[in-house]
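Each of the two complexes below includes chain A, the first together with chain B, the second together with chain C.
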Partner chain A sequence: MTATSSKIEALKRQREMEVKKKKNQSPFGIIITGMVITIYLALINYNLDFSSYWIIGILMGITLQRSRFCFAASFRDPIMVGSTSLLKAVLLAFIVSTIGFFIIQLRASVANPDYLITELPGQFNPVGLHTALGAILFGTGMVVAGGCASGVLIRIGEGHAMQLVVLIGFIIGATLGAAHFPFWDGVLISKTPVVHFPNHIGFFPSLILQLLLLCGLYFIADWYDKKNNIMTT
Partner chain B sequence: MAEYKLDCLFEACPIPLLKALKQLNKMEIGDVLIMHTDHNCSIKNVVEWTKKQGHLIDYIEIADGEWEIYIEKAK
Partner chain C sequence: MKLYEKVIKNPWPYWVGGILLGILNILLLFLTGSTWKITTGFLYWGAVVLEKIGLNPADWYYYSTYDHGLKEGQTFFLNSYTVLNIAVIVGALLAVLWAKEFKWKKIKNFKQFSFALLGGILMGYGTRLSFGCNIGAYFSAIPSFSLQGWVFAAFMFVGAWIGSKILFKYIL
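Up next, the complex of A and B:
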């Protein structure tokens, strides 16, 4: 638990008495949950894809909000304050999804041995200079704006009005990006080959390789967290 | 013991932490800093950072989406 003291406890108690009781939000919660489930059930009969997107999106939103997960902070905090707890969470998520995608892709390739990369489930995109360019642009923007896409949406929902400005910028940026995507595609992306490790070294070796790399990064992050306190005075 | 207030409303993620850091440097041991924020990220990273530094910390939600963080400088 939190390390606290009598001074802090006294301040908290005093403040809790001053602050008027918050309105009970349970009725709203029940109504919204009912609406969500109704829309889900209605969509199941209409379009199975839409209903899955709907329920997965809502569950992801709840998880992100309750866990205060923040992609921007996970990549900024290691450099700014030397704390890597969120970065470790991202690495764990990669490890879990690596195993998940491995199972899905293995099943698909067993079902159809003469598979083509593009036929396997998942998104295969070429990695190259454009990846680095995009990462620098997005990283700069995300740190200045104080959040990535999911963080911005969560905080708008919580009433942090400043991020509405970010959302407007986000919409403009996404529209501009979509408008000159053909340019980047022509100059860089379509000229870069798609690299899919299982194609070259087989499914199991590439799984082991990727898990080893991710675990290595995890331990480096853990060590860095214990060693580093960049802002120590 | 002195009490300091820090208004971090509408400040995005790293700013509340940086403000707290600056203020903590000016304070004496035993002083308490009260931060007022509406950015949920602060709950996570200010609390984590402060604990790591060995200061005492706790927070309450004073309104929907608004928190007060109490930090006692311990060293």
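Up next, the complex of A and C:
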């Protein structure tokens, strides 16, 4: 009897310590918040571009962490547990950014009608077999390591030592890839084109088609979840 | 107090995160003229290490093609990628501190360590072939109306399938 109650007492104390430990995080939160704001103000004077990267990065980090956003899981969960709620969130993000990118690109193309694709705001790279090969390597590594590029950053912030190892792996892999780049460029990349849909079918048809495709995928994901999710019945 | 519980203490629904990330993605392109990219920053950190041990990575063929080189006035250490990547880490740290959930989690065993390292290397190597990671070649490329993003998405799915098989066989 006494043994049990002393055990309970010990557990209670342990629990109290845990609560105290948690409460002690507030000062750190305030200090870091102060540092973030100070750095932002300093960057505004030092390098305006950097200040934008800084504040948006902070907001992205908060959003990714708070919403438990995980690109790796968005690809893994439909396969492993039949859940698509994260995939649907990624598709929502795509629908929103497609509209925004469309307006930014359209404005740039109106301002400079003789634009080269690479001069437009956006992400434009040659596409071909190398894209597929790289994506397969990336997807495999993402599930094996349990995190993608953004997930690694978020989990380092959360305090996972393991993700520092993934980051080191990332750095080694990217360095090796860059070192071998002349080979891949020679056999695969150099002859491949950059494909920008508006360049082929026009801006408005591209927008409509892409939104239809994204919404279609959203509904398929929704249907798939209802049919296959093993967490809900 | 209710607002604190809802915004800071409890996780946000996935769809809220999705919409906010979409907006931030647009805001970044609008304010800086550049899209969100992560792994090129990791490569640059690798180049910092190579420079420290006396090599000269800036001379590599890689940096002379496809606009891969450093922008004017930037170094492998101090550049927009470093600022953005550190900011994302600090943002996540802030969020867990406000929620009082920060906890240092140690590496469990050697098996976990080796899979983390191997997965990281696979991802890192892949990004140089595909010109980007799940952010650069996917999250930024699809809204850019670039075919690269859709091809990357389809084959990342194939890779995730292979990875899941490996996970079932060796890890779980």
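Keep in mind that, in the parts below, the second predicted complex is superposed on the first by the 206 of 233 C-alpha atoms of A that agree within 3 Å, B and C clash if a C-alpha of one lies under 4 Å from a C-alpha of the other, contacts with A are read in each partner's own complex, and residues count from 1 in each chain.
One rule holds for everything that comes next: a residue touches a chain if its C-beta (ideal position, glycine included) is under 8 Å from a C-beta of that chain, and two chains touch if they have at least 3 such contacts.
Just so we're clear, the structure is a prediction, and the values are computed from it rather than from any experiment.
Student: Considering only touches as defined above, state whether A:Asn45 meets chain B (first), chain C (second), both or neither.
Tutor: neither
Student: Chain B or chain C: which reaches more residues on chain A?
Tutor: Of the two chains, more chain A residues are contacted by C.
Student: If we overlay the two complexes on their shared chain A, which of chain B and chain C does A:Lys12 touch? Say first, second, both or neither.
Tutor: first
Student: Mind working out whether A:Ser85 is in touch with chain B, chain C, both or neither, as first, second, both or neither?
Tutor: both
Student: Would you mind listing the overlap between the chain B footprint and the chain C footprint on chain A?
Tutor: In chain A, residues 22, 68, 72, 76, 80, 85-86, 143, 145-147, 154-155, 158-163 are touched by chain B and also by chain C.
Student: Over in the complex, which chain B residues touch chain A? Could you list them?
Tutor: Residue list for chain B touching chain A: 1, 10-15, 17, 21, 25, 30, 32, 34, 38-41, 43-45, 47-49, 51-53, 56-58, 60, 62-65, 68, 70, 72.
Student: List the residues on chain A that touch chain B in their complex, please.
Tutor: Checking each residue of chain A against chain B gives 2-5, 7-9, 11-12, 15-16, 19, 22, 68, 70, 72-73, 76-77, 80-81, 83, 85-86, 143, 145-147, 151, 154-155, 158-163, 229, 231-233.
Student: Note which residues of chain C are touching chain A in the complex, please.
Tutor: Interface residues on chain C, with respect to chain A: 11-40, 42-43, 45-47, 49-50, 57, 60-63, 65-68, 80, 83-108, 112-113, 115-149, 151-164, 166-167, 171.
Student: Per the contact definition, I'd like the list of chain A residues that touch chain C in the complex.
Tutor: Those residues of chain A that touch chain C are 22-23, 25-26, 28-29, 32-33, 36, 43, 49-50, 52-69, 71-72, 75-76, 79-80, 85-86, 88-98, 100-102, 104-105, 118, 121-127, 130-150, 152-163, 165-182, 184-185, 188, 194-198, 206, 210.
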